[in-house]
Amino acid sequence: MDEHAQTGWLSRLISRRAVLTTTAVGLTAPAVATSGFVAPRSAAVAQAGTVKKVTIYAEALPGNLYGYGLEPGKATIPGPTLEVYEGDTLEITLVNNTDRRMSIHPHGVDYSTDSDGAPLNNSFNNPGETRVYTWRTREMTSAGDGSRRFMPGSAGYWHYHDHAMGTDHGTLGIARGLYGALVVRRRGDLLPDKQFVVVFNEMSINNQVAPNTPIFEADLGQRVEWIAIGHGNQFHTFHLHAHRWADNRTGMLEGPADPSQVIDNKDLNPGSSFGFQVIAGEGVGPGAWMYHCHVQTHSETGMSGIFLVRNADGTMPAGAQEAIDRFRGHPHGSADPGAATAPTQQHGHH
Amino acid sequence: MDEHAQTGWLSRLISRRAVLTTTAVGLTAPAVATSGFVAPRSAAVAQAGTVKKVTIYAEALPGNLYGYGLEPGKATIPGPTLEVYEGDTLEITLVNNTDRRMSIHPHGVDYSTDSDGAPLNNSFNNPGETRVYTWRTREMTSAGDGSRRFMPGSAGYWHYHDHAMGTDHGTLGIARGLYGALVVRRRGDLLPDKQFVVVFNEMSINNQVAPNTPIFEADLGQRVEWIAIGHGNQFHTFHLHAHRWADNRTGMLEGPADPSQVIDNKDLNPGSSFGFQVIAGEGVGPGAWMYHCHVQTHSETGMSGIFLVRNADGTMPAGAQEAIDRFRGHPHGSADPGAATAPTQQHGHH
Amino acid sequence: MDEHAQTGWLSRLISRRAVLTTTAVGLTAPAVATSGFVAPRSAAVAQAGTVKKVTIYAEALPGNLYGYGLEPGKATIPGPTLEVYEGDTLEITLVNNTDRRMSIHPHGVDYSTDSDGAPLNNSFNNPGETRVYTWRTREMTSAGDGSRRFMPGSAGYWHYHDHAMGTDHGTLGIARGLYGALVVRRRGDLLPDKQFVVVFNEMSINNQVAPNTPIFEADLGQRVEWIAIGHGNQFHTFHLHAHRWADNRTGMLEGPADPSQVIDNKDLNPGSSFGFQVIAGEGVGPGAWMYHCHVQTHSETGMSGIFLVRNADGTMPAGAQEAIDRFRGHPHGSADPGAATAPTQQHGHH
């Protein structure tokens, strides 16, 4: 790899961080940004919550792809991460700037049939059409039988995706990039310093294949939130080197008696999602750590990327640049050559 | 779709409900029906429990299928849902009215080798043969090490299936419809108003493909229990629109500190099963909600159905009939054309 | 099956048990063997722990296979089970006696980039090379936010494998047998009497296909620990007849309110692992119980074996020998004929 290529890679990283900051101000965790506090976990009583209005633009992207964005001309793959607290409502004005029928369908939240995003319920945007989708969330509520049981609330690492392009299940839209993360937090949840979204979509990561897959960056000791989403027709397993998490809602143990299995490899199949927080480099130090699908042929043909843990002061740790060069210099199979030119999205909490 | 077709569909729904009532009287939750009480959760002491005797008839069905039934000539796919409390014993007299070797093999319960249902243990019915299989259940018991640990009891959303037709693993019997749900409840568990069984079997749902897949019905606010079972050679993910559940034993949170992830999409692979309860339409209202495999080609080729949440008074909600017509009018791939004529089974708790 | 074949089978069993005992003394649970006590669960404070030094030899095996072993000429598939308590460090001297590049990469534990085992970080053994890999473990630590949350510790049923032979992901090494189990225990965990390792690797179990798959043996009432690991390119589900476990870290309920689902069938996909303990034959009695992949074509073509529960006094239960003869007499597809000649590894706690 010559110097020019390296510079190109660095400038891309810098521009990504710029996008990131803009995105964070624009949308990520507005509840925190506007209210400035995190309430202690409330009793299981539904709260009125905030209504957040967001306009999302669906657009064509180079390479025969599509993306969702918060401004015209700013669509990314994955789309913007939407984030609320239990009790909040998201009112999404979806502007369809594509020439195909499409929609937005969420997992994990409450919506009436007209916000289903499914053609079954006649809920989609025709080409050029604008339509409002309303997603509501709630806290857990007593099961009403005098026991300690609760009907679950909405908190979770969820996702949204097209459900109308190409077929009644949005198969074309999903394949071409119309998906993103949706985080619903419970009061008292820990907020991360950084947030990464990894979508195993058919044989790609975020519609990219190695070496063009995302290099996710954090400084040693930062609290990093990973959100993993599966799409397509293949089965996958998400593996992260040198970090692990509890296989539950938050990735942390909810007390010393939490029985959850601790894992570093998890099934990530179509329609499923999960999230967790780790402390970057905790117990292992900085470096270039692999994340990849653990299905062997999948990692071999491009479903592999790098989690770059920098030193605590943000400088490059010894050996990391060499590892990145090694990664980028390797030939990999390319499942979707056009995908390499599409804009991608990353964001953090500051 | 013309008016005649609609009428045909409605009458089919009505006759399904009739079957349902009969089934409920005949078998579902006899512990409740006969004892008339639900005991508070007992201490972790095994109870003598009740011995329930059931006769099951295995029979050929149209379309080269097979089914289990509670009476001759009444076999369904899936077979009858068997339900007991921890501590109870099920004594099953299996009458093989087919011309092939077959058996019944349960998941989750206790049985001696002669009730294994596996040819390995010479445990099967020859053609025309009647054989008794005994399944025992138990409550959790202390691990015996002075800790708070317990060896698990039998409570769960389990299933049963043939283990002898065609091969030593029952591959032919399972493919042709010889499977059903088995529910073992813990004392104090909440009982549902309705109960649906969804079996993702190879590329079908209950050996049907859309638009002939089940339309499961409930009234707004009813407590609905879903039991999902996987079979065959494909991997699947079960997704339900507009409803979600905790990824644990009951689908509810067992207290405010229950760490379980809340999900609306879950892997449903061969031999696995899970169950959960939702309040029909809670927070989202009535309507025709999709349930489907989230593997894109699977949903496209027929692994999709409808959860019809009626108004609280049982009337049809606005737009629901149009959605059903849309669903039934669409062409779908047909993985098993003969399957469309087979009787199917649904049941509820009243 | 003639008498000679049976004798051959019995002598193989006996020699396995011999290997077993040697293995146990050599490595399994050295913390227990050397310290002779199990400490009560400590507060969430990291302990200095013990440094355990182990030399592992990677070697070619007959049938174009490879294995890890604790002595030259003693490589097995799977390799030796490595076992520590949270807080301990494993210092592994890996001697590469093969003529290929290879490494050892662990799941679940802490390691610096130079112990990653990945070519990305230049962490591997060239042919003939010896290299030290250091794996550290830790107890859970407070999340530091004043809540009851904890960042997870290292305890789990993990595994290790090659990450460098053939490709940068160790695809060839894994396919040919370079894998094993890694157990990290929490203080207070129950220790088993017997321990079995089952690796679903592509279309084999421990690189064997039926009827050459392991026959795992225990006496009625013994506490048996199963460790299941997935590898390769296929999806699998692990099913055990007549026994079940909680789907959490230990397989037991961590108190009467533990919400974990109880299961007897679990996804076992590439890179994943889990473990659990059962009491052999509890509630069901002795006998020859099947364990198998529940994907129908996988069980049919060789992914099936036997869990032989002997009588409490170690004698053969009625019908068990006949079942084993039936199993061994059946023709099965052979995915990897050469595999049948490779040494295999089993071990227990005494």
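By written order: A, B and C. Residues from 1 in each chain.
In this section, a residue touches a chain if its C-beta (ideal position, glycine included) is under 8 Å from a C-beta of that chain, and two chains touch if they have at least 3 such contacts.
Protein names from UniProt, one per chain: A, B, C = Copper oxidase.
Predicted, not measured: the structure shown is a model, and the values here were computed from it.
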Check: How would the subunit A/subunit C interface be labelled, same or different, where same requires over half of its residue numbers to be shared?
Finding: different
Check: How many degrees of rotation map subunit B onto its copy subunit C on CA atoms, rounded to the nearest 5?
Finding: 120
Checklist line | Centre distance in Å when subunit A and subunit C are each reduced to the mean of their C-alpha atoms | finding: 34
Notebook entry, point to check: At which residue positions does subunit B touch at least two other chains?
Noted result: 148, 235, 246, 250, 253-255, 257-258, 260, 267
Next item on the list: In the complex, go through subunit B and note every residue touching subunit C.
Entry: 44, 107-108, 110-113, 116, 118-122, 136, 138, 140, 143, 145, 147-156, 167-169, 171, 174-175, 230-233, 235, 246-250, 253-255, 257-258, 260, 267, 269-274
Note to self: Applying the document's contact rule, which stretches of subunit A touch subunit C when the two form their complex?
What the structure shows: 148, 188, 190, 235, 237, 239, 241-242, 244-246, 250-267, 279, 282-285, 287-290, 292, 294-300, 304, 306, 319, 322-323, 326-327, 330
